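I'd like to ask some things about the structure below.
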Amino acid sequence: MSGTTSTIVNLPDQRTATMPKRDYLNNEHGLLSWLFTGDHKRIAILYLISITFFFFLGGIFAGLIRLELLTPQPDLVASDTYNKLFSLHGIIMIFLFLVPSVPATLGNFLIPIMIGAKDLAFPKINLLSWYLFMTGGVLTLTALVTGGVDTGWTFTTPLSTHYLNTNVVTAATGIFIAGFASIFTGLNFIVTIHRMRAPGMTWFRMPLFVWANYAASILMVLGTPVLAISLVLVALERTLGLGVFDPTKGGDPLLFQHLFWFYSHPAVYIMILPGMGVISEVISTFSRKRIFGYTAVAFSSVAIALFGFFVWEHHMFIMGVSNYSALVFSLLTMLVAVPSAIKIFNWAFTLQKGSITFETPMLYAFAFIGLFTIGGMTGVFLGALGMDIHLTETYFIVAHFHYVMVGGMLMAFLGGIHFWWPKMFGRMYPESLSKLSAVTSFIGFNLTFMPQFVLGYLGMPRRYHAYPPEFQVLNVLSTAGATVLGVGFLLPVLYLGWSLKYGAIAGNNPWQATGLEWQIQSPPLTENFTEIPIVTQDAYDYEWLANKTEHEVTTVG
Amino acid sequence: MDNALVASHAHTHEEEHEHVALPQHCHHFETEQQQREAGTFGMWLFLLTEIMFFGGLFFAYLLYRNWYHDAFVAASNQLSIKLGAINTAVLIGSGYFMALGVWAAEVRKKGLLVLFLVITTVLGFVFLGIKYVEYHEKWEKHHIPGEHFDVSEFVNPQAYGLKETPLAPDMAQKTQVFFSLYFAMTGMHALHMIIGIGLLFWLIWRANRGEFSSGYVAPIENFGLYWHFVDIVWIFLFPLLYLINRHPGS
Amino acid sequence: MHISPVLWQFLVKWLHASALFPSEASTIAPYTDALYFFLLLITLIGVVLVGALVFGFSIRYRAARNPVATQVEGSTLLEATWTIIPLALFLVTFVWGALLYFRIYTPPTNSMNIYIVGKQWMWKAEHPGGQHEINALHVPIGRPVQLTMISQDVFHSFSIPDFRVKREVIPGRYSTVWFEATDAGTYHIFCTQYCGTAHSAMIGDIVAMSPEDYESWTKQSTSGMSLAQNGERLFASMGCNSCHSGNAAARGPNLAGVYGSKLQLANGSQVLVNDAYLRDAILNPSQHVTAGYAPIMPTYQGQVSEDGLIDLVEYIKTLDNNYRVQQTLTTSQSDKVAPTTPGMVKP
Amino acid sequence: MSEYHDAANVTNPEHAEHHIVTPMTYTIIFATLLTLTAVTVGAAFVDLGIMNPVIALAIASVKGVVVILFFMHVMYQSKLIKMTVGAGFFTFLVLLTMTLSDYISRAWGLW
């Protein structure tokens, strides 16, 4: 065992170690074996490649936005172009990156293994969902190359239905289809978690990652169709002249807002919950300790999912909703903040009395905790009615949700990718380089978005192409931070790609973690388990792991 | 490291199954029972999304019906209650034969199954045919929302031989909201029917090959759930759209 | 010590031009800022607390120092603590925020009213005295000003950061916001709701001036006709006066003094007559039929612009007797001539 | 393999015995549905004031529930499926009531 060293990494002897002869990667060869695969792990890899592509596409738009905002004058691009940039940045990042990020890659890869199943319940539907996702993505790209779309990701009516002549319908169709990809992923997860658990894998023995994805899946299944119908109505208003949201025909444009945010607020939790799941796994592993208050953390995921459906109107506080219902929604918003606070403190106390090491995933987890705390607390600013009036629709809100989405979700995603990289590909990433990139993105991130809180309180509105000159200094800081952040995000692609071929051979369980996924070979076999495991231990039972390792050593020796 | 050891075991346990009865049994399920229940559960989850999908439309309906009640009454009275009722009966009948089809598959009667599925399909087509007649009438009367929408029949019903109370011009405009919702809701419903009929053709073809005559009924059963759900939507659409107020002037 | 001149310029410019905190220029601003600082404080405490826990434990229990972890199940007491304390803080925030919200959205009764029309991509302000401004708004300090706003096309949002107020400007519906400027000066107006191509050009200046300056500004910039006078002309030219003549036998209800009253409607409900009601009654009369009258009023949808509606509403608001209505009836041929009454500013 | 399944995991509440519904039951349900359709059409022509939509919706709900229970076999399904169906309608109810809370209370105040 690691003894007093500062790392828990336990790699096989590199001189004798070999990659497994047969695993899910080399089981079959050729492009078609990938495109028609039913294997959840291969589909996860397909997703990983596609969302990485969309992430960098969205990232390029973000970069252009920041570059334009370097100066107060509208000098880099025209107003139309700028509007298309931020619209596509939002659409791509939310619907094509954040929503599928952790569930469709890590979740797809890990959930069946973590609960001891050979695959998801519906492998074909899983593959179908990737194809739907790609169709949605291709349609969005079509909208992009045929002239873009400038509705913003929120498709606000009547702007989107009557006042723009860009490719709104194409983009909406793309999102509609990608939405069904998300529905099918969620559906698959729920059925798998209910019906496919290995013998002995009771609900309260499941890893918290599974709980978090389960909660997110419920939101995907119940929320997404409401977005779908509101986008259908937008498309029908544009093409056929229906009058459901059109104020000139007697419709209420606020109804669109209600339906849209009924999905899009829970969508925030679809994005963040799986990230929280990743953090639970990482924190437990690198502090060698069971998560403090496992049950509370599990239930807080479900509570967030449940409360998540009751708070959407806080996106509309100043949009002319009734003040009485604004009160109700503000109160409920305060309640939804509590489970997140519980999680934060539970993670912090998991560290107590642990035996902590600081590998890259752990650094990302620390970054997550810090940034998500700020992101969550600034959410309370916006949930408080009177404060929301001044802060909403400014850069404060931009900073807030980037703290949650990028500082939270993206850090969790990167942490998770690093954490399970050895499992996915059987090789380690380079440790020092990855630590560098984690620190770089943390610094870059704060430099980018911290000034935006100040800008927001000063009143700089979001989605502004040009701005008054007194805001320039903070914008320059933000753009500088974005550059650093860009480097921090680009590095992993390079060294992770490098590690695929040259990384150290990881062995089954480099982190000495307890999850079922770490008890099988890396990369796993196509069928995951040669024999379905019988689970007798709780999640994060390090004593069980120590006994097992000892047992193996004695029987083999 | 025991990688080699692991790999050699890969296929041995497949043969350990007590029985491998159905070719459709997927290897990653332990039992057919588990597979079937997973299928039903998955289908229900999908229907959950359908509830929410139509839910948005139903909410819009509820809201505007309260806002523009008079317009909704007048516009609703434009719909043929006879055609609507017939269509309801047709759809319920279609659902009935679908249910019988599930039964036929359960008791492994191939001929009956195909017959029931064909009847289900035919009734589905009858429904869509009647729907087409109704849509066509709306088209002729310029009651399709959009540029050519015409409110004169609501402003001046006497001129059209109707016994309705005339609507004020501003309220008459709101009939367009009714027809927007009418077309959105029945259109979405019809779209589900069309998708369902497409699936039915596929199922008939497979049933005819005898795929569902050996105890493997999951596709029939799950399609049945979908088809009944489409029924239920119509069961609500019919009173909401056709029967708002059928006793004008009282 | 050679600082590059560019950098020097930059620093100087920063010190002069850059603010890190918006000025407090309205009576609302200090209240908003108080809540803001409270929230900043609890955020700071929260972040410091979480940071201290994470770093403290990381140092104390790092593997090099604590090679074997002690398994702990959890602690109901601790978990209850960090459920209840945040909950309590959030509830305090909720109450505080709600109180602030009502302060911001409940105008004092003595506030002066200015109309704002938003359209792609400009703000049009209409003072009761008939002063029209584009992308600018002159207001007196020390006096509550209520804005009654409407959009002609899409959602806009009228935001004055230095006053800490903001309100969505909605198509087809009046929304209101009020403020009382405290410091004379020029402040930004932003449109904060994304509204299409030139969204970021939909900005303007709000000029807060002393009451005396404001007085002289209104005198200088009047177009000669107050909103009510415009409304009166419109009232006559559209023939409103033929039914709303104020006679006992008139087909339409008497409009004198109707503003601010409670009205019994034909459908049995009772409504308070305010700007929004008047506007809606002109556009959708059949839904606002006064009890005792036949639903014969035609709709004016598409016939009156939002500006025209504002004029009409303002006119009806100022009607406290029917004298002038009857005047317009008798002189309806001569309504092309502008009345010569000097621009009147409604208090 | 199935002897490894522990009772707490796979049997109730997520599991139910498979049940074949007979054509007789289906026919009775079919007849019920047709009758209810006739009743709802009939009821629409009687003026019952506010009760008209209530009755129409009540009948539609009864029809829907009957279809769900028998045609869709929920009657014979596990608790899990029953809860799933319930969850769908619950969420719809959330959408309905929470959105209505805005629309209804808009008329209460001046803002």
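Per-chain numbering from 1; labels A, B, C and D assigned in written order.
Convention: contacts are C-beta pairs under 8 Å (C-beta built on N, C-alpha and C of every residue); 3 or more make two chains touch, one makes a residue touch a chain.
This one's a predicted model, so the numbers in the text were calculated from it and none came from an experiment.
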Using the stated contact rule, I'd like to know whether A-D or A-C comes out ahead in C-beta pair count. A-C
Measuring from the mean of all protein Cα atoms shown, which chain centre lies nearest? A
Counting only Cα atoms for the centres, state how far chain A is from chain B in Å. 34
Roughly how far is chain B from chain C, centre to centre by C-alpha average, rounded to an integer in Å? 46
Which residues does chain D have that touch at least 2 chains other than itself? 1, 5, 14, 80, 87-88, 91, 95, 99, 103, 111
Residues of chain C touching 2+ other chains? 105
Residue ranges of chain A touching at least 2 other chains are 194-195, 222, 226, 254, 262, 323, 532
Contacting residues of chain B [partner chain A, same complex]: 1-4, 6-7, 9-10, 13, 26-30, 34, 37-38, 41-42, 45-46, 48-57, 59-60, 63-64, 67-68, 144-147, 149, 173-174, 176-177, 180-181, 183-184, 188
Chain A to chain B touching residues, read off their complex: 12, 17-22, 117-119, 121-123, 125, 183, 187-188, 190-191, 194-196, 221-226, 228-230, 232-233, 236, 240-244, 249-252, 255, 259, 262, 507-508, 520-521, 525, 527, 530-532, 556
Chain B-touching residues of chain D, taken from the complex the two chains share: 1-2, 5, 10, 14-15, 18, 20-23, 26-27, 29-30, 33-34, 37-38, 40-41, 44-47, 52-53, 56-57, 59-60, 63-64, 67-68, 70-73, 77-78, 80-81, 84-85, 87-89, 91-92, 95-96, 99-100, 103
List the residues on chain D that touch chain A in their complex, please. 1, 4-6, 8-9, 14, 80, 87-88, 91, 94-95, 98-99, 101-106, 108-109, 111
Considering only the defined contacts, which chain B positions touch chain C in the complex? 70, 167-171, 173
